[in-house]
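Next, two complexes with subunit A in common: one pairs it with subunit B, the other with subunit C.
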Partner chain A sequence: MTSESTLFSNRWLPILLVAPFMLLIVLFFYVPIFQAFYWSFFLEQPFGGGSMFVGLDNFARVLSDREFWQAGWRTIIFMVTASSLAVLIPLILAVAADRKVRLSLPARNVLVWPKGVAGASIGVVFAFVFNPFVGILAPLNKAFPGIWAPGIDGTDAFITLIAAHVWGGIPFNFVILLAGLQSIPRTMHQAAAMDGAGPWRRIFDVQLPLIMPQLFLTLVLEFTESVTSAFALIDTITHGGPGGATTLLVYKIYKDGFSGYDLSGASTQTAILMIFVILLTAAQFVFLGRRINYER
Partner chain B sequence: MIENARSLNIAASLILLIGMLYILGPLYLTLATATQSYEFLLRNGLAWYPGDQFLNNVARIFTETRIPIQMLNSLAVAFSLAIATCVLSFLSAYAIVYFRIRWAGIAFALILATIMLPVDIRVITTYQVASNVFSPVNALLDVTGLNGLIAEAFGAPVQLELSVLNTHFGLIAPLVAHGTGTFLFRQFFLTLPKDLFKAARMDGAGPVRFMFDILLPLSRTSFAALFVLTFLSGWTQYLWPLVASSTPDMQTALVGLARLLPDSDGEVPDFPMIMAGAVIVSLVPLLMIALLQRYLVQGLVLSEK
Partner chain C sequence: MKISILAAAAALMAGACSAQAANIEFWYGNTGPVETAIKAQCDAFNAAQTQHKVTCVGQGSYEVSMQKAIAAYRAKNHPVLIQFFDAGTLDLMLSNAVVPVQEILPDVKWDSYIAGARAYYETSGGKLFAQPYNASTLLFYTNKTELEKAGITQTPTTWEEVIDAARKLKTAGHACPFVTDGDTWRVLEQFSARHGLPIASRHNGYDGLDAEYVFNTTFVAKHLQNLVDWRKEGLVKLNADTKAGNYTAAFNAGECAMMEGSSGSYAASTKAFDGKYQITVNMAPMYKGYERHNTLVGGASIYVMKGHDQAEVDGAKAFLDFLRKPEQQMAFTAATGYVPVTNDVLDAINKSGDAKAAKYATAAIGIESMNQPPTADSRGIRLGFYVQFREIFMEETQKAYGGQQTMQVSLDNAKKRGDELLRRFEQTYKGVKLP
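On to the complex of A and B.
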């Protein structure tokens, strides 16, 4: 061991340092993932009644189930609409807050508040705000009966979910995008202004291209987030209804597994959902990530 | 400001105003409703102005629901989650960055992969593992044939069983298995100058001393940022505490709050009391954000790099 080396060369100490964390990760991350794939090839009895190897039967059963495809399709619709709105709205707000106007300081403070309100609390609040009888749209309902009925109309329920999701997603995306905007050197703005680009034009030609890395990051995270975080909202606002109109895949898996005791079916759907999320993340990195220029 | 861009500034102010209304509107309605009585709600619908029933509603939350006990659960979960994540992430990032080990890259990749598939996706099988944390050991013994040998020698195969469901450990452990903290610390360590390490070595500091006397004091802000971030995420967890706790006294406040909403759609729920509950449950994280916003923003920005 020389003092010139830039690293410690102990052999057992690093193992000891990583071991507790690794043990937790293996036990509660890799084992469950392995088990989901393993069980998708077995017909599992609830309450440990033994299992039977069935090959691809589970996949055939799940993939021929209309409800599975509907839930999957709804998941994709939710993902695309909710997450693009949850990036677009904070982006507009961040561009506005980046300007030195009087409201920008209070806005920077207020827009972070939803971070402290949990998904389920947001759900409880929005279930109230959009309640058809006493909520914000109740007067409209009195004038035109039945125009807002999230308990009956699937689209209305879906809109409620999206509004709640975007509300909760503002802080993180806003902070990231604003930080990106503020790290753009002032000289860039000045140079563009010298070249005759007005302030509106500079938004599209200077600011947006330069925060592409942040934009990319928020979009990637938002996609995975919208697949999973929807659960708390669905469970508090719509319970998957009306008529399954807001049953996304995460909610269906939960219902099948914990209420229907269909462990094999739920595991198979979990496996499919995992593959979907992994492919999605990979695709984003391949198609979007490559085009992004991280140099300034 | 480079030039006077009046139209843009007006537009920006307008956008910020709308954005703040969108954020504050539901919060205000929550507060206003929490101060009205149930009868008022049934008579007038939405409360646009505050009433005088707030203390009454809060008192009902404290006497008629389990939310006080569940708040303690939430505190315990969020606090232990934050501490455990900070300590374990720091140690593993330290090992990965500062030791000459061949498996550093693999270990880091294994830890980082946890970010992609959160517990909400793998909840079914995580629940199964938590219902018997020794099930992987049992399976391993079965597969390797060791259990056959043991059964021959001792008359019965080994079947270990220990359920962590409905315990605080079970509520916390699967949430700790998340790589953001390790990532954050690793990024931070990599920004530290190499000379720091060399100087410490020259002064004769070993790995333990280097960690406690140099790295730990330097990482104070990273610790604070990560602590705030994980505390909030622990407080706001929903699906895992929902399935991992089976008795009301073990549930977290958020699960208890959601349970106050009736399942059926027909009647108008007792929204004033529920909103008072929402206010109480959100008070701890909101206070934390108000007081520690600097660290929160730092944490959010750090975790993206």
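On to the complex of A and C.
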């Protein structure tokens, strides 16, 4: 596709054009990350004025901390359940919308709207929606008092968080998956139908295999994003509680660093979390990515 | 050419600004009626004189204010005056970022501050580190109207009476007899202080950085187990059990009949009750058989931060002097319910003829509560990274309220995690002596 006319003639112009963006990335990503790695080897006084090199002490401290592992487990549970649901539900919706079931046209529009809502706003809304006294589950609580208590029961709080995350993840994944489905040539459906494949058969044998690239993309993005994007929801809905039941690693880092003034510990955990996310994405590419056929 | 003119103009303006140099900043964390009262004081200061100008910046909460102060101090962009809350006392004392107020204002009569307030904020040498500002303490609030409806005519003063009253309220069909949020300040610190119990060894850390938490072995463990049992019985409710979702809001709306709360929430409560219910405020309840000691001074105090020039420090001093004026403290108390903690202000209130007025109700009771006989363990809390400990304590005890583990296990865990914080604090400030 590349032709001479699409190349810049001036060697400096492209560099100049990306420079502002690169500068932002360096300033707000690489510098802080470098700082975090650097601090993870020091014991840092909150107000500055004294920091001591402690080698790997911070890592030893963090890795032997039960709270760290618990937060880590919660992160993984959240990642697996919330991300799978955040892909599965849009997939079902996309297949339905693609099949031109009734109302699929308005649905295609309406389902995209949540994309325009910030995570924190979603959190505020869901805190109300799942409020045990005035929310949608309030009638359930009337019938069975105490059955839904996200302020007391950690599991209920976790469910609230997952629901909010999945809801917020629907639009983007829906758009990507629907685009994938719509790019499948109609002739394929027709050929399959003529061979006697029913709708379900066509979904599993024609549509799903053909949208594997889109599914892979959404899964990779969801998995990596769920690790960090849960922050806004936790901060607005549960504040990590009750009893730490929704303290995912990303929230624990914030708490330790900003309300505990433990800059070294928070930095160390940031370093560990980042390595984890990089490894996870690499693993997805190595084990899943290779099997995906991008050709049609 | 144009650019150089602009640069020159900018330099001139910068020069002009620094020549005035009496512009100072003051950061605070309160919101609501308290914030309104703080802003009124700032305006009054600016109106009362022309030499200095204070800009008061609200940060939304004590925690956020402290976070921003840390970031700002590291970036050398910090205000000269900042309000910090009680829990951050030791962190600030060792931060090397603040100057003790008694050092830069040596001529003030600091001994007019009541002993309880001094003890919390003074060095071992008796120098006050910060100027107490919005001082509060724990009080016991009841909705008199609701209590009378259930046939309770006498305001309870002991926990035994509180629970008796709660049972009566429950029998009378009241959904929420007593409400608390189980906050560390309320259920651990103020409870331990007034019952004469230590929270940590070495007199809550006053004698050295090598203190260890001991609260899991004291009577407070029994009290917290009682709270769990009473909650199961339907007598005690937590934030999440209330429709309002918050204990003060639940009390103010009339949903809950009794609460333990800061004197600082008095103004909001009386405003909400106006015309609907009658309110009583008293000292926080004791268990029978325990002698009453002082409650701790809570709320926040003002620190002077290092790294500012003389003109700004002068402005800061002038503002602190202004805030200490009896009429300022009285107005602030009347507007918020925070307690004035200097004897001269108490005298002024008594002389004003308004002493019995509702707006000063918390002043008299609060002072009485803080003036009870002290012990070596009721001076205050001098423990490092204590802000985070408060959260750990909440997190662990919530597990007990949720039925995941017993209260004793929660407290043992909180002690263990708290001790880890103390050891790390000790290591972070290796070789630093307590001031």
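Operating definition for what follows: the second predicted complex is superposed on the first by the 276 of 296 C-alpha atoms of A that agree within 3 Å, B and C clash if a C-alpha of one lies under 4 Å from a C-alpha of the other, contacts with A are read in each partner's own complex, and residues count from 1 in each chain.
Operating definition for what follows: contacts are C-beta pairs under 8 Å (C-beta built on N, C-alpha and C of every residue); 3 or more make two chains touch, one makes a residue touch a chain.
Everything numeric in this text was worked out from a predicted model, so none of it was measured.
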| item | value |
| --- | --- |
| Touched partner set for A:I77, first subunit B, second subunit C, both or neither | neither |
| Which superposed partner A:I275 touches (first subunit B, second subunit C, both, neither) | neither |
| Touched partner set for A:G151, first subunit B, second subunit C, both or neither | both |
| Which of subunit B and subunit C A:V129 touches, first, second, both or neither | first |
| First (subunit B), second (subunit C), both or neither touched by A:Q35 | first |
| Partner chain(s) touched by A:G243 [first = subunit B, second = subunit C, both, neither] | second |
| First (subunit B), second (subunit C), both or neither touched by A:G260 | second |
| Partner chain(s) touched by A:F8 [first = subunit B, second = subunit C, both, neither] | first |
| Residue contacts on subunit A - larger count, subunit B or subunit C | B |
| Set intersection of subunit A contacts, subunit C complex versus subunit B complex | 131, 133-134, 151, 241, 258 |
| Residue ranges of subunit A touching subunit C (in the complex, touch as defined) | 43-50, 52, 61, 65, 67, 131-134, 149-154, 240-244, 247, 255-256, 258-262, 265 |
| In the complex with subunit A, residue positions of subunit B that touch it | 1-3, 5, 7-9, 11-13, 15-17, 19-20, 22-27, 29-30, 33, 41-42, 45-46, 88-89, 91-92, 94-96, 98-101, 107, 110-111, 113-114, 116-130, 133, 135-136, 173-174, 176-177, 179, 182, 194, 197-198, 201-202, 207-208, 210, 232, 235-239, 242-243, 254-255, 257-258, 260-261, 263, 265, 268, 271, 274-275, 277-278, 281-282, 285-286, 288-289, 293, 296-297, 300-301, 304 |
| Parts of subunit C lying in touch with subunit A, wherever the complex brings them together | 63, 67, 70, 73-74, 91, 95-97, 238-241, 243, 245, 385, 387-388, 391, 394-396, 398-399, 401-402, 404, 417, 420-421, 424, 427-430 |
| Subunit A residues touching subunit B - in the complex, by the definition given at the top | 3-10, 13-15, 17-18, 20-22, 24-25, 27-33, 35-36, 39, 89, 92-93, 95-97, 99-104, 106-107, 109-129, 131, 133-136, 138-139, 151, 167, 170-172, 175-176, 179, 189-190, 193, 198-200, 214, 217, 224, 227-229, 231-232, 235-236, 239, 241, 250, 253-254, 257-258, 263, 266-267, 270, 273-274, 277-278, 281 |
